[in-house]
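Down below are the structures I want you to see.
Both complexes shown next keep subunit A, but they swap its partner, so subunit B is in the first and subunit C is in the second.
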Partner chain A sequence: MTLTAALETALAVLVLGAATWAVVARAAFAATVGFVSYGLLLALVWVQLAAIDVALTEVAIGSGLTGVLLLSVSARLSVTEAATSAGPGLALRLLAALGCAAISAALAVAILTLPDPTPSLAPEVMAALPATGVGNPVTGVLMAFRGFDTLLEKIVLVLALIGVWSLAPDRYWGGRPTSLYMRPRDSVLPFFARTLPPLGVLLGLHLMWVGADAPGGAFPGGTVLAATWLIVMMASLRHTPAIGSSWLRLGIISGPAVFLVVGAAGLLVAGAFLAYPVDYAKPLIILIEVPMLLTIALVLGLLVAGPPDSAEGGS
Partner chain B sequence: MTTVTLFGLCGAILVGLGLYSTLIHPQPLRKLIGFNLLGSGIFLIFGVIARRGAWSGVGGDPVPQALVITGIVVAFAGTALAAGLLLRLFEETGTATLESPRAVDPASDRSEP
Partner chain C sequence: MSTLVDVFSMTAVVAGAFFFLAGVVGLIRFPDTLSRLHALTKADNLGLGLIVVGLLSQAGGIAAAFKLLFVWLLVLLASSTVGQMIGRVARDAEPPA
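For the complex of A and B:
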């Protein structure tokens, strides 16, 4: 066994170990911690699969932001844990385990019998990529060839935020979410929150900018910006925004709105919805990506902040 | 075993683990963790298929990779919405379980005049 193969096997064992811990751990908090470490290990698997863009997104969103969200939920729900029933009995557990094992086995058979050579769209993407002016094929797919998916995804993000906000009781509508504030006294958090933002903003913008030609892009970039913003709000250095603010709402919809306008203009200029005229593809992609970065950063931060629970700042 | 087969099988096991967690845990938070494990297992299988489609100059088929990036973001949006619902349930009822309150005994219904 070569060194790489040995390391990969060890990585697979660690990933499965962390995932198993997230399933079987007795306390929800411990399971959540297991899930966060699982996400970090999984990012290494993505690196081994030569998908650096996915690895960055997995670390930033799949492990990082999801981790913050689940940790805060499990901390707030810890009081209910003792009262929860033990769940289904042994027979039902065994039955569920058997059914799940059967699904895993069927998937394993499918993976072992994948056709060789695998059908791949890589040649088509690489052939058409120069026309977009973008050098990173994944960014090319996200922003040009499958731009429709990315547009709909932005709309899903906004819809999810509307869904979270609509869970607020009427009396808090338009107010601020305050569950994030930690009001730390003797902690390093305020120090972090004062020192980190310049670096975080620089890194976020850098990731978005280099995404055109190297691994990165608006998703990891926007997540870094959202995380920086969250740290500042958690340290209570800045208020969370009141959800009634028109500026905030304008920022949130700017991403999908600009995307839609450029897409509709493509109908007139380039003959199809979301088509870019060849000579202007790169500037148009940047025009879409900048408000998209703003939308991603705002929505991801606000999804973690949760629904408003204070009337303060409301109209 | 090659890299793609190893991590492909890893993805298959993750799907089973996530589904099991979603099925057997009575706490919705644990189901939510299971839902995320299940999703990331499916993403990993996508990644393996992308890697098998490597072509000169690119380490993998960029189309499934881009789909996975979109998928991770949408999974987060779904998780955040579920977490919001769960916290609201807790605020309203003081519990965090999906079990319905004990059904009213039909005998006591009949005893009413």
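For the complex of A and C:
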């Protein structure tokens, strides 16, 4: 066995171990820690498969953002968790095990019966990529060839945020989410939150900008911006925004809105919805990506901040 | 010359890995939260620092070398902040015996 093969095997064992831990851990907090480690290890697997874009997204969204969401959930559940020690009954467990085994078996059959060589659109993407003006095939697929999926994805983000906000009691509607504030008693977290933003903003914009020609893009970039913003709010240096603010709402819908306008203009200019005139494809893609970055950063930050629980700042 | 550089890289990386190993042993063996935290932060700072120093000569360019140093500085900043915060929570939760 070569050194690479040995490392890959060790990585696979670690991924399976972390996954098993996340499933069998009884306490929600321990399971979340397992899940986050699983995501980080999985990102190493994607790097090993030379899928750097997927690795970045896995770290940013799959492990980072989802991990933070799960952590805040487990903190909220810790009160009730102790009270409900009784697990699900034997029948339910057997049913769940059967369901999971069936899905795993179906996935395994689907993957093992794939024809060899695996059907792929990759050569066609590479052939058509120069027309888009971007150099990174992943960005080309996301923004041009499958632009419709990306548009719908952004709308789903906004819908998810509306879902979280709809949990607010009527009296707090339009107010601020305050559960984020940690009200630190020393200067450690505030110092961190003052040092980080210049780096975080630079890195977030950089990730979006290089996404045209190298691994990166609006999603990893927006996640970095959201994380930086969250740390500033956690350190209580800045207020969380009041969800009734029109500016905030405009910022949130700016990504899908600009995407829709450019897409509709494509109907007139290039003859199809979401089609770009060839000479202007690159500038149009950047025009779409900038508001999309804003939408992603705002929505991800506000998803973590949760529903408003204070009438402060409301109208 | 290049053999010498390689030997230096390997020595530094192995020394870094040793600090990580020591940190993990401390994390498992030490009796209370503050000592465990102490063991862990040493692994982060020195272990990663030595690995970065070892990789600097292999980076193949000034830009890549600066990125490596930058990663180390960011981890230093984040881990010392988190270490302080966990330490405070631990001190409030379990007063020294």
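Keep in mind that, in the parts below, the second predicted complex is superposed on the first by the 296 of 315 C-alpha atoms of A that agree within 3 Å, B and C clash if a C-alpha of one lies under 4 Å from a C-alpha of the other, contacts with A are read in each partner's own complex, and residues count from 1 in each chain.
To be clear about the criterion, a contact is a pair of C-beta atoms (placed from the backbone, for glycine too) under 8 Å apart; a residue touches a chain by one contact, two chains touch by 3 or more.
All of these numbers come straight from a predicted model, not from anything done at the bench.
Asks: Return the chain, subunit B or subunit C, that is in touch with more residues of subunit A.
Replies: B
Asks: Name the contact category of A:L7: first (subunit B only), second (subunit C only), both, or neither.
Replies: neither
Asks: Go through the superposed model and pick first if A:L189 touches only subunit B, second if only subunit C, both, or neither.
Replies: second
Asks: For A:V278, is the partner it touches subunit B (first), subunit C (second), both, or none of the two (neither)?
Replies: In the superposition, A:V278 touches no partner, neither subunit B nor subunit C.
Asks: Please work out whether A:L94 is in contact with subunit B alone, subunit C alone, both, or neither, and reply first, second, both or neither.
Replies: After superposing on A, A:L94 lies clear of both subunit B and subunit C.
Asks: Looking at A:L250, would you say it contacts subunit B, subunit C, both, or neither? Reply first, second, both or neither.
Replies: It touches nothing on subunit B or subunit C.
Asks: Is A:V73 contacted by the first partner subunit B, the second partner subunit C, both or neither?
Replies: Only subunit B is touched by A:V73; subunit C is not.
Asks: For A:V138, is the partner it touches subunit B (first), subunit C (second), both, or none of the two (neither)?
Replies: After superposing on A, A:V138 lies in contact with subunit B but is clear of subunit C.
Asks: With the touch criterion stated at the top, can you tell me which subunit A residues are shared between the subunit B interface and the subunit C interface?
Replies: Shared contact residues on subunit A: none.
Asks: Using the touch definition from the top, list the residues of subunit A that touch subunit B in their complex.
Replies: 4-5, 8-9, 12, 15-16, 19-20, 22-23, 28, 31-32, 35, 38-39, 42, 45-46, 48-51, 53-54, 57-58, 61-62, 65-66, 69-70, 73-74, 76-77, 80-81, 83-88, 92-93, 96-97, 99-101, 103-105, 107-108, 111-112, 114, 116, 118-123, 125-126, 137-138, 140-142, 145-146, 149-150, 153, 156-157, 159-160, 163-164, 167, 217, 219, 296, 300, 303-304, 306-307
Asks: For subunit B, which residues count as touching subunit A in their complex?
Replies: Interface residues on the subunit B side: 1, 3-21, 23-27, 29-30, 32-34, 36-37, 40, 43-45, 47-55, 57-63, 65-70, 72-81, 83-88, 90, 94-97, 99.
Asks: Using the touch definition from the top, list the residues of subunit C that touch subunit A in their complex.
Replies: 74, 77-78, 81, 84-85, 88
Asks: Tell me, which parts of subunit A touch subunit C in their complex?
Replies: For subunit A paired with subunit C, touching residues are 185-186, 188-189, 191-192, 195-196, 199.
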